[in-house]
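After this come two complexes, each holding chain A, first together with chain B and then together with chain C.
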Partner chain A sequence: MTTPRRLKPADAVIIGYGWTGAILAKTLTDAGLHVVALERGPARDTSPDFEYPRIADELRYGIRGELWQPLASETVTVRHTLNDTAVPYRKYGSFVLGNGVGGAGVHWNGMLWRASPEDLRFRSHIEQRYGKHFIPAEMTIQDYPVSYEELEPHFDHFENVCGVSGVAGNLRGTLRPVGNPFEGPRSNEFPTPPLPAIYAAQLFEKASAELGYRSFPIPSANSSVAFTNPYGVRLGPCNLCGYCERFGCFLYSKASPQTAILPILAERPNLEVRTSAYVIRILQDSSKKRATGVVYIDENGQELEQPADLVVLSAFQMHNVRLLLLSAIGTPYDPSTGNGVVGKNYAYQMCGGTAAFFGDDVPINPFIGAGAAGLRVIDEFNSDHYDHSKVGFIGGAMIYAGGTGGRPIEQMLLPPTVPQWGRGWKAAVRKHYRHSAPVTLQGTVMSYKDRYLSLDPTYKDKYGIPLLRITFDWHDNEYRMAAYTASKMEEIVRQMKPESQATLLMKPGNHYDVRIYQSTHTTGGAIIGTNPENSVINRYSQSWHLPNLFIYGASAFPQNIGYNPTGLLAALAYFSADKLKSSYLKSPGPLVSS
Partner chain B sequence: MDRRKFLLGAAPAVGLASLVSAGCEPSSGTQGHSYAPTYFRPAEWDFVLAAVSRLIPVEGAGPGGIEAGVPEFIDRQMELPYGHGAYLYLKGPFHPESPAALGYQLRYTPREIYRLGIEDANATARQTHGMDFARLDPARQDQFLESMGKGLLKFPTVSAAVLFTQLLENTKEGYFSDPIYGGNRGMVAWSWIGFPGARADFTDWIDQAGTEYPYGPVSIGSART
Partner chain C sequence: MKGKRLLIWVGTAVTALVAAMGISFIGDEFAGKNAPFVSERNATLIARGAYLAKLGDCAACHSIPGRPPFSGGLSMGTPIGAIYSTNITPDAADGIGRFTFADFDKALRYGVADGHTLYPAMPFTSYYNTKPEDVQALYAYFNYAVEPARVPNRASDIPFPLSMRWPLTYWRWLFGSKPVPFKAPAGFDTAQVQGAYFVDGLGHCGECHTPRNAFMQLTAVNRADGPQYLTGAIIESYFAPSLRSDGAGSLRDWSEDELAQFLRTGANSSGIAFGSMSDVIIHSTQYLSEADARSTAHYLKSLDSQDRNGQSFAYDPSSDKALKRGDANSEGALVYLDNCAACHRPDGRGYERVFPALAGNPVVEARSPESVVSIIFRGSTTPRTPQTPAQFTMPGFDWRLSDIQVMQVANFVRSNWGNRGPQVTLDDVARLRTKSH
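So, the complex of A and B:
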């Protein structure tokens, strides 16, 4: 192997230029550091990449996945149990990986939640409320070493960066008759008001109220009005175009790194962004006490070494874990002994849905929708918002209504009794398309001793480097959670009075199925904790092993929440960024003693 | 004569492909449109035309798959990176015996699935019915497709269910995607279901939930109905 050509050293190198990469690029260049950001995918910006009408193309973006990481070059492998041989995730289904500047922050829905306060001290909370015996032995959940109160200013700031629309349920400790009654106290009202509910969400609002539930607008990074964020960047109002998740936003409404942060970084002389830069290794000095930079492959296939005093690992959750394993940083998790931490506590989300089929007098207009704006949700059955002592599981799900669009290849809802093809199918698509609405649950997944990430022994990427291997399947706790929350979801849909309804749900005997899109909210593998024995990073997202390595993203989550992860991972990044500014950059070294 | 009845009623003595290339498509809107396939060979093209005309048939109200240009869509997709497997991870070793829940585990690109699968399908049709699939009457074609989908037919290379899934997926894509790809000609499928296509602007409808949206579709190329 040839020695990589050594480039001019930088003060900091950023691996992955999505949300957290952009947040750290701003923080570090503000502080005067010379920063190099490496992004594996192409450069992308609203213009020309997301322009109308080209972006309104379901086949290109929604089905083929123009904005996703090409699996042909690199994928992951999947197996259900420790004894199986993993096989590659050859074709997109279960989750979609981001690629290019902005990362998955380009093609997300914009559901921008905070975690519930108890989510951040989940093990302690459950033990205190239900007793230590309540948590099964194989469940490896743990607390975050940072509290809701500490993260609150950072949730608040990121919501302002994104121009989030919504309505507060808990304003500085006062519960209000609107908004989410289960949320932690907010220091401020949402930056922008919610958009009116789309019709399916109105039907859900009414049915929920009749059943005694509190529905409210999903916190939405689809701005409802023209808004200038704290960085002076302008967002425009969402028009419910129906091309949101899986697409870039042509209206500057859906917050993304491009629409919210990157415009102020574009001209900074101390920031260099290199695209098509595929990082394959984080380098350490001979004492293995310090990161010294990274090696990446450029678009010509050449290996380059970028030395840096500070390394920011801000790729997607799975890529963070793979790079740590490839770079031999920290001890890989061993499920047979429970030792090691890198790859530990991989989790996912448990999702399900009920489709409501109305008569032709109910104009749902499914194509009018956005990733988050116009949707309504209830939070009664999420997290530990309800008494779990008799239900037989831990965790829960949010239940929300309204489609994110009515794109007919992917989002056609049909009763299960309808033929899949032929004359009957043709008649059914006309009968149901404009008159069907989805109600969805998105739920927690706990972490377990036998669910983890490791390097695959067989399969390689296009450069011959091992792929990441996922060992994952559902546990009984998650099947029970799904069955319970689905019964609530079905109750609400019945109250919406459709002509018929149908539910899709994972039940015992259904294994994790990579063919069905469920959620891109994969978590864990480089988790946050109180010491090097239970975690990869400390409360400031600093590696326990290499104090000049900081790791951001949902790889930090010790178990998964029932909310979308972006709000929490951004808050953890801003919390860390504050500490970098106030402490680390003045005096580099461990921020928490181990 | 009524071309629809002709196509439906008569057991085709000639391949459907030759009917289409002679301008005999069962459509009022697209008469005279001929398309010469680039990827598919004549016998394969007959199969695709016959299969699409059963998966989304002309019978009943609403546009059929042939009228919507679905076969042209599929042929053109085969020439794009998609057809060549650019969206798939295709490195071995291959374990097709893996649980179905672990997803696609074959070595084949979409082009190969059609090439190998159609040959097997026609060989099976000849064995059981004495003729290629395209020459069967519509009722038998339906039965054959049904058996393929359920995996009841055993093809030696690409399984019947894999070919069927590929066909059905591409057929629905061709029916509902933007006309720039060759299917959904004249936005007939969008008009049929009431999808406004690439309009992507509902500002004036944000506060009119519960009102039927009145406008027909537009496409990326700005075609209107």
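So, the complex of A and C:
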């Protein structure tokens, strides 16, 4: 094995050039550092990669995943329990992995939530409200070492960077008749107004109001009007084209690193972006108290060493954890003893849905849709927004209506009783396509002792490097949460008065099935906390282990929320970026005493 | 005696030729009144020269990517072969390091250098009016602030005898502007004066925006010189629109503010720059001071319009209403809906400073179809300036649309929403499809 060729040192190296990589690239180059950003995938930009009309190709991008990580080169292995043998995830199903400049920020839907204030101190909150013994022993949930109030300006800033469309429910402590009644106080109104509800969402709005719920527009990083963000970057307007998640946006409207941040980084002389640069290891010095750079494989298969004084790990939740384990940074979590933190508290999301099938007179027109804009949601049953004393579980789900599009392969909602092929299927499609609407629940998953990430003992990527192994299955808590919130969802759908409806839901006995899409909101493994025994990073996303290593992404979440994670992980990144600017860069060292 | 007659004819022709060449030689040698140069490394003067070099956009021709700034090498096609821009760095061997101030002035305003007349690709026909103090500033900049570069000049691809330069002297005498320093025209206010000095001179707007005659000379070099001044011309495969305020396809509906904003950022509420103008914005006019941008806009808006009775653009909502009703029966409507409406919208208004409006857009309404059809074929990317860091790209549709479809949709956009651009023919489209490759 030859020694990697050593390159000229940089002040900082960024691993992964997606959302948090771009945020940190801006922060560090603003501060005058010479920064090298390494992205394992290709360069990507709206033009030429997401151009209309070629991007509106469901087979190419939505099924074959041309913008995603090629699983044949690198994937993960999955098993349910500690006694099982994990096998590779060979075909996309349950979650979708980004690749290339922009990462998953290119193909996401753009649902841009904050967290509820109680989400950030979830353990304490539950214990205070329901008693110390309410949380089952096998649940390893814990508080964030940072509060909603501290993160609020950063939530606000990122929402402005993304031109988020929506309406505030709680403006500086004043509750308003519109917007989310459960949200924490916002210092400002949303930067752009919400798009009108698509028809399915209008029906949901009416039905949920009749049942006494407060629906509101989902906060959408699908800018509703042409908008210039605080960096001077202009975003385009969303026109509900129906090709949101899985696709790049051709209208410059879905916020992505490309549309929101990269234009101002484009000509910075102190930023160097290298694509097709696959980082395989973070290097430490002999004392193992300092990171010294990274080793990566370039497009010619050469191993290169990029030395740097500061290492930013922003490679996506799963890859962050994999790199920490491969680089032997920190103690890997051992579920049998409970020791170690790297890989601990892996969590996911539990989703379900009810499809409403209407008659010919109800023009749902599902092809009118966007990732988040035009949809309506209720938050009554999410988080701890309602009394859980008698329900027998912790957590909840947001419930929203409207589809993100009417794409023929994956978004053809049909009653479960119709034939799966042939003449009968075609007749069913003709009957139902323009008249069916989905209502979806997206719910919390807690963290548990026996749900974690580690390195696989058998399977390797195309370079011979061990894959990450996911040990995960649902717990009773989540089945009960889903059953309860689904019953509320079904009630709303009945109120919408369809001709028929059908619910898809995980029940006890249904194991985690990697073939069925849930969401890509995988979390944990490098969690945030108050000390090195209970976490991998401190409140500034700084590694307890190596003070010049900062780790960003949903790997920080100690348990998952019901909302989409991007808002929270971006706020944590901006919170950390501020501290880098004000303290760390002037005087590097541990920012929190441990 | 045939032989003797032939000899006399040949002798006369040769003598005339030699005389012509000789006259040209003498004419070039003695062109230009010598003016003294105050030789100082004056920082203010150099800074002024740097600013003027941007306004004159010297870099557009004399700087190419991958080579030292101002070292030349840009290939410019002519019907008789490509010519290459020269090295104007102060290098003594390969650049203009040995130019005296008089030499520099002669090149800039008279179009004569190294003993011969320059190809009018060098717009001396516009630079002629540069004031003496500004020529001094430019000379100071090019001598003291530009890095000398050892990059030899490349000979043109024009074959002998067409490569002989002496006919250019006659061109210059016939068609070159009289190189007198700028004098404020009577009746101009201060801003007009300032604007005219730039537009007629270093800005050399007319080199693209004024039509040319049979010998490629400009039909008018300033407002006083003729009514064709800045009325629009074909450049490569685009039509540089009229900068006057004279009806459809002109700047009649742009305010001075919008015009100034366009020059400094490449975009305003009515449109976004494309083609060669993008380069002009990026390398030149984005650097206009606010005052200079305003006076430029003021001057352009003050140009007498040929058609004072021309109506302002009046938006017609019926096209939008028809499309939203599902009525796509008019010629090109369906092509528009399937390809264009996503960005430019059924109402033709686009999104301000993201996707240009087509309704009331001078480019769309222009009498020549070059720009509209070329852009449909090849697309366009908006220019990047510090105020407009995000670039928006329209994709090309040459791979997707047939000539007939391009003609239909071009006619659709030129005749809907109140637009009154003339019809595009299939011949226009076919010609431009080949031209765009």
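Rule of thumb we're sticking to: the second predicted complex is superposed on the first by the 594 of 594 C-alpha atoms of A that agree within 3 Å, B and C clash if a C-alpha of one lies under 4 Å from a C-alpha of the other, contacts with A are read in each partner's own complex, and residues count from 1 in each chain.
Basically, a residue touches a chain if its C-beta (ideal position, glycine included) is under 8 Å from a C-beta of that chain, and two chains touch if they have at least 3 such contacts.
No experiment lies behind these values; they were computed from the predicted model shown.
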{"item": "Touching partner for A:Pro53 - first (chain B), second (chain C), both, neither", "value": "both"}
{"item": "First (chain B), second (chain C), both or neither touched by A:Val233", "value": "second"}
{"item": "Greater residue coverage of chain A in the superposed arrangement, chain B or chain C", "value": "B"}
{"item": "Which superposed partner A:Cys241 touches (first chain B, second chain C, both, neither)", "value": "both"}
{"item": "Touching partner for A:Tyr252 - first (chain B), second (chain C), both, neither", "value": "second"}
{"item": "Chain B versus chain C as contact partner of A:Pro145, first or second or both or neither", "value": "neither"}
{"item": "Touched partner set for A:Gly374, first chain B, second chain C, both or neither", "value": "first"}
{"item": "Touched partner set for A:Ile264, first chain B, second chain C, both or neither", "value": "second"}
{"item": "Chain B versus chain C as contact partner of A:Thr75, first or second or both or neither", "value": "first"}
{"item": "Residues on chain A lying within both footprints (that of chain B and that of chain C)", "value": "52-54, 237, 239, 241, 250"}
{"item": "Chain C partner contacts - residues on chain A that touch it in the complex", "value": "46-48, 51-54, 225-226, 231-237, 239, 241, 250-252, 259, 263-264, 266"}
{"item": "Interfacial residue positions of chain A with respect to chain B in the complex", "value": "52-59, 63-65, 70-72, 75, 78-80, 85, 87-93, 195-199, 202, 237, 239-243, 250, 363, 365, 367-368, 374, 406, 408-409, 412, 420-423, 425-427, 429-430, 433-434, 458-460, 510-515"}
{"item": "Residue ranges of chain C in contact with chain A within the complex", "value": "338-339, 342-343, 351-355, 381, 384, 386-393, 395, 400"}
{"item": "Chain A partner contacts - residues on chain B that touch it in the complex", "value": "54-57, 59-62, 64, 82, 85-91, 93, 95, 98-105, 142, 145, 149, 168, 171-173, 176-178, 180-181, 189-190, 192-203, 205-207, 209-213, 220, 222"}
